[in-house]
């Protein structure tokens, strides 16, 4: 997204003041957000407590956040919009479900194999669409989602439209985590993924991927095979998306072909834009906002999704840096106000 | 220089777009430590030739070798063999800082194959911060007098962007450096800086191919000049001879001008204007 | 493939897809941009008319007029409030506009759900005549009207593109916005005309197709995809190419499930899309590319 980091255009044709960032990532940039993220997660967990409804909300929010984080590398960093994430999440979910119902393998194996299969599926779809970008890629991945959902409904091993249910409990080498422990683990997984993605964004790998969005020819000429890097980015995203599916399926205890709808994928595109594309934590914040608006506010009822979609348009038009982007600006302004001696030329 | 093995050698290069022939049977050679100037009017095929050498576009036919090794396939593979280039329209990630753009040239080759991409992503996730590459990049920035690595590349002037592109290419430690109009839009300081870099690369025994409209400037810098006209090489040799050659007169001013005024000044006034993008 | 009733269905779907593709085509020619919101436009056209008649007892033709005007207004708002500002900010990058138009698609779908409800409403018959029967086959009045209007609309578009000044300038603006602006062409006005016209075409398509299977707030996405596929299959060489693409897609949609079962269609559409996008993105009827 090129609106990432750019401020609204000035009304008159005056060159904007130069913007700057530290040339190399500082420890604060790479790790500072983790502290805030963990604090927020602990706050949420305390708020949730043992309330079953709130627990479901939190798991849903974690699922949304993971799908949005899965889209973060290909969509926000590399700039290619794929809408196949419903299919990837389904792969993750069905992997857990099938390992549980059809095999005697430990359940964590399902958590592992789902992301791998989803990554392979993403590479195959990516190879088939390697010449496509933009509108064409959106259209093909939409058609893929529909075809895949159709396949899940009609295949015999997936249980058809009824899907699969009643799974074994998750065991991790003999340890059977309780429901509360799993809830905490969901929040922890989101924090860890966001934290690692943020470090990845700042790493040399992240620089190459972010350059690929704007100037693929320069990246290619500098020695990175751009189509392959695209596939790697897609595969990583699909893996994280499958993790979301595994989490939701494990916690809800059932999965159907339409568990991960296209609506969810649309919302997942909007989450980083709402929260802020500058860091993966923006996608997490966006997921929390979307869950709050669409599921937790009874006064909004069905119009919560409408509010989200209109809100996204508004954010794109007037506040392209999202909520976190503005909080960050606010923080910098505050710091500058507190240290007046450093002058205005930061 | 004649008895030295050639760095870069190409022959029979052809490129056509539909019915238009952009390159017609072009041969090119470059010795170690040599600076080759590539001149010609708009549409002569200069950038197409650079693209076909670097792999940004693929030639329809022809053979290219770099130090005896066959140059073929995508640009990334050729980069690994030692080619680096800049672009006529600077290709910089506008949202990234100057430092990050410089670092791209240094690290892109470490992401050469799919398993190295995965390896690098894991490495990048667990080891964030200053690397040895950052030190190298800072040395390059100092050499080119690029200051303020914390600015966003999109905020630079055109001249600064060209300098930054040269810096990014240097990060690749190239054997052959292809510079596509590096002076256009640069001020006197920028031009001097780029000329310094060209001399340094030359002293290391590497080769440079320099594309520009400005025949005077190019001929003062290069060891040899190649004049392109509508996809054909019409002159290949000594810069001073090239300026005086009838081919030069014909290509730049047309046959009529050549007949009308044999002593025509070789540098038209609008040459300066052409450098304004 | 001998049952004439199937051919009538195929032609009907084909006309509908053709009109949607034409709606895409107008915006594409003028802006070089695929407006995915044409599917939701068509949905609004069909659904709002049905809603006004069934829920509020409006006169049929008044409801149709309101629906068409509302859809055209929606298209104008898309251009003025969303696409133009986003494209101005993002420059040559396509992604922000793509995300914006996806958000528009989603927003219209949600808005329609809130206003018109989430149930499927039957489309309104605009022509009150007896169905025409021959042998065992029946041509419904809605089929007849859709066919006639499609031919009239495409003929009108062909004339408009050739004869009117705006129509002729449309392509010039789409080819190079900057060059057109340098030449002093009224780029913004032509783009707006293209969007409004696209809204009109989509509304007509939605209104005429709604009687076939009803229309609900979620119809828009599928329609957007079908129209897009029809345009890609047909190409953009002439105004008539989208209709050819639509008819081909309509025939596939009818005959493939009939002979190979329901799920085969979605697989086939995926393969068709990948093949066309990858190997012939310019469609069957391509405009000769200038160098």
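By written order: A, B and C. Residues from 1 in each chain.
FYI, a contact is a pair of C-beta atoms (placed from the backbone, for glycine too) under 8 Å apart; a residue touches a chain by one contact, two chains touch by 3 or more.
Just so it is clear, the model here is predicted, and its values are computed rather than measured.
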Farthest chain from chain B by C-alpha centroid distance is chain C
Going by C-alpha centres, which chain would you call the most central? A
When the C-alpha atoms of chain A and chain C are each averaged to a single point, how far apart are the two points in Å? 32
Using Cα averages as centroids, what's the distance between chain B and chain C in whole Å? 47
Once you find the CA centre of chain A and the CA centre of chain B, what distance in Å lies between them? 40
Would you mind listing the residues of chain C that make contact with two or more other chains? none
Among all residues of chain A, those touching at least two other chains are 2, 6, 213-214
Chain B partner, complex, touching residues on chain A are 2, 4-6, 16, 18-27, 30, 196, 199-200, 202-208, 210-211, 213-215, 217-226, 228-229, 231-232, 236
Give the list of chain C residues in touch with chain A in this complex. 34, 36, 81-82, 85-86, 88-91, 93-96, 98-100, 102-104, 106-107, 110-111, 113-114, 118, 221, 225, 228-229, 232, 262-263, 266-267, 269-270, 273-274, 277-278, 281
Of chain A, residues touching chain C in the complex: 1-3, 6, 8-9, 79, 81, 128-129, 131-136, 138-140, 142-144, 146-147, 150-151, 153-154, 213-214, 262, 266, 269-270, 273, 302-303, 305-306, 309-310, 312-313, 316-317, 320
Residue set of chain B touching chain A in the complex reads 54-56, 74-77, 79-80, 83-85, 87, 91-101, 103-105, 107-114, 117-118, 120-121, 123-131, 133-134, 148-152, 155, 168-169, 172
